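Here's the structure, in structure tokens; my notes come after.
Naming follows writing order (A, B and C), and every chain is counted from residue 1.
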Amino acid sequence: MSAFLQAVVSGLVTGSIYAVMTVGMTLIYGTLRTLNMTQGSMVMIGGYVAWMVFDGLGWGPILGGVAAAVVGFAFGVAIQQAAIRPLIGRRGVDFEMTAFISTFAVAIVLSNVALRIYGARSKAVPPVIHGRLHLLEGISVSWHSLVMAGIAVGTLLALGGFLSKTRYGLAISAVAQQLDAARLMGIPAQRVYNLTMGVSSALAAIAGVLLASVFFVSPNAGDLPLLKALIVAIFGGLGSVRGTILAAYIIGLAEALVSLYFGVKWSLPLLFLSIMIVMLVRPTGLLGKPEEARL
Amino acid sequence: MLEVRNLNAAYGQTRVLEGVDLTVAAGEFVVVIGPNGHGKTTLLRTISGLVPTTAGEITFDGERIDGERPERIAMRGLVHIPQGDLPFVDMTVEENLVLGAFPADAWRIRAERLERVYGIFPLLADRRSNRARTLSGGERRMLALGRGLMREAKLLMIDEPSLGLAPVIVNEVYQHIEQIVATGITLLLVEENFSHVQTFDARVLLLESGRVVREGLVGDLLADEIVMATYLGT
Amino acid sequence: MKGVAARGNLVDDLGWRRPNPVGVAAVITLAAVLPIMWPNDYVIDVGLTALIWMILNQSWNLQLGIGGIWNFGQLAIFAIGAYSSALVSIHWGVPGWLAMLIGGLGAALASLIIAIPVLRLRGIYASLLTFSFAEVVRLLVISDQSGVTGGTFGLSGVPDLAFGGLTPDARQRAYYWLALALVVATAVVIYVFIHSPLGASLKALRDSPGYAAARGVSPMRMQVITFSTAAFIAGIAGGFYAHYFGVVSPSVMGLAPMALFVTMLVIGGLGTFAGPMVGTALIMVVSEYLRDYQEARLIILGLILLVTVVVAPRGLVPALQDARARVQRWMSEDESPIDAETSTGSETGETSESPVSSSKGER
């Protein structure tokens, strides 16, 4: 029983980080109809920022998170301008697929540039606090994980506030739901696109900071997060922020439980298998919009 | 206020507007009528920038706006209330309205504007926390109008306010439009059913197959038997 | 409606313009004499690899250009072909030729698993489904500890195709010419496929589903046939790969190789005959040229993909074809301004800022 609860606790922590990592993907899909394949790269870049500010400046994860967010934002905007914007409105082109490929190309470039600059060996970022908090008999969670989860939840709340209360936050939802009406109200489409990509990439970079100490920092550190982000986003429903967050927790928990009962190596194949089933049975995911998936 | 000269627009190879000339002076009320699918909606969409022009000029408040992005044109004070309402379905009524005041100058006074719109449409005040998705057809129409009124428009364009609504609701909508007209705002209205606008003191353009075929005051058209036979009560 | 004339128009309209026969003959001849004119083992090996990829990429292109689907699972299917072919050869001593066929069939069968579900989903979802399929296959193989697939290390010791007692040089050339023959055979098969009523139906299905439905075209059957044909071709390529290299491992699947093939396809151009060949050749050349610069190689390849996709999203070959068509139109006298305006080239949009705009709705 306690092993079960331990898995639940660890699943919740992981779920929080997955949520931060993936919510950007759904935002981008909602506004730009693009499956952003650089989401994993941003996690990788966030990890490197965390390592650099820790190694060079002695900063902890909070400052590291801020730095990563800034860097991520800049990258996001640059990627939008270079890889997505030129494709918008092109005739005779399947935008979704082409943007998928162009962002995929950027991801390849980014991880190989990282390889060039930093080398293949992983960098280690030690946890910010050591030790564990003992909750109950046999159930404990490391302080570090708690802090990471706390930052994750805080970030999600901040994002929620931004999206529902601020001028540009609402504008993002508007553009996602009804582009023409939004533009008629003076909402600048390009600026919103840049903002969406910037914010989403910043979020992924923050996730990279959060993952940096559990999951080594290396040029390919973004591959697995990308796959997981795709799974979570589809499961939650592309375009739905709430669905994505819910899905993130469910999948975090599922992973922890599968690892517990079947072994770690089964979690990824099972995840993919389940996402295949989801796509067949309910492609819109948990809370996605019905208009999206069917032919 | 608005001057359209030799406007041409097309979808792919299909020409939709040909050589359309139109002016709306400040404070005027102009109505465009005509059968469905003959370009009335495209006319408004071209003016507001959603559809590109293939030829011609559009001048708003003294400046050329053809070729500009819709958001820029909107920021100049041109408010287009589109056909079909286009509400933000997953947002509440209040969020929808508030976004109507997106431009910085309107955003600052959005609380005021919101109260004003709630005053004109008490129904929206009642439903302010409901998601737009849950609104009925008539309520959506009110929402679209309310959203458009959140800004001070130099020119207000309304596309087919009676579309898809039951006659009782249409009357309500047109009562609100009367109120709007009474404020002296410059208004360009597109309507398929001439009977709804026959009581207004307006200039009318008849658009057929993308061309302006008749122009005159409401009274002139009422006196024209052919027009009446075709369009009254359609 | 107008029978043959209408169908002919549909097919030409596909974008798969008829290749120039003289050009094709010249290229094939050049390719055939390569091993003789440049008897360098390494060069021939690279050429051979390129030929194998050309077979694979053609199959991929078939699904894409006709089926309209980006099937990211094609690599997994290729691998399944390779593994099945290798396994029957190793364990049951099946002669190479038959083993390759079995590889093709195994791949075709595997493709049926995703053919039907993929059909029911729209563009990006269909692609993601195939992507997931590829990952599942890859992960299952990697974690296979039963020894059947050899897990991460793969299978080795796949026997040669029965060429008889040949010197190593001659053996290599035999493989090379066989590969070349397969590339040409694949192209012929695809050509026939497209110009058959089947191909016209598929094109109609892709571009105007309503019309196709009204004409009684069954989407399910069409897609399944396209899928399995393409898979069969990929499986044969896989079998060939296994027998030539003698080893198969999961490293042939995964993101990195997939990126390479996507680049080849996109560069070459989607939905044309020459596309896969041109793309594969170009990228192999660039890749070899950069062989000494390990890290820079992938950066440059990635950049090439990015720039091509952004500047000429349909690929080089279609872009060149469009350019040529536009020049021709410009040169011909009788031109009405309206017709010139609405060319079908990859023109940039006007005031549209909507990602999913006219390209979908227009048909």
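Going forward, a residue touches a chain if its C-beta (ideal position, glycine included) is under 8 Å from a C-beta of that chain, and two chains touch if they have at least 3 such contacts.
What you see is a predicted model; the values in this text were computed from it and never measured.
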Chain whose average C-alpha position is farthest from chain A's own: B
Per-chain CA centroid nearest to the all-protein CA mean: A
Interface with the most contact pairs, given as the two chains involved: A-C
Separation of mean Cα positions, chain B and chain A [Å, integer]: 41
Between chain C and chain B, distance of the C-alpha-averaged centres to the nearest whole Å: 51
Between chain A and chain C, centroid-to-centroid distance (C-alpha), Å: 32
Two or more partner chains touched - positions in chain A: 180, 183, 189
Overlap residues in chain C, where contacts from two or more other chains coincide: 350, 352-353, 358, 362
Residues of chain B whose C-beta touches two or more other chains: 49-50, 69-70
Chain B-facing residues of chain A, complex: 164, 167, 170-171, 173-174, 177-178, 180-189
Complex contact set, residues of chain C against chain A: 70, 117, 120-125, 127-129, 131-133, 135-136, 139-140, 143, 209, 255, 259, 262-263, 266, 295-296, 298-299, 301-303, 305-306, 309-311, 313-314, 344-350, 352-360, 362
Contacting residues of chain B [partner chain A, same complex]: 48-50, 69-71, 74-75, 79-80, 82, 86-91, 95, 98-100, 102-103, 107, 147, 151
Sites on chain A touched by chain C in the complex: 32-35, 82-84, 86-102, 104-106, 108-109, 112-113, 115-116, 179-180, 183, 189-190, 223, 227, 230, 234, 265-266, 268-269, 272-273, 275-276, 279-280, 283, 292-295
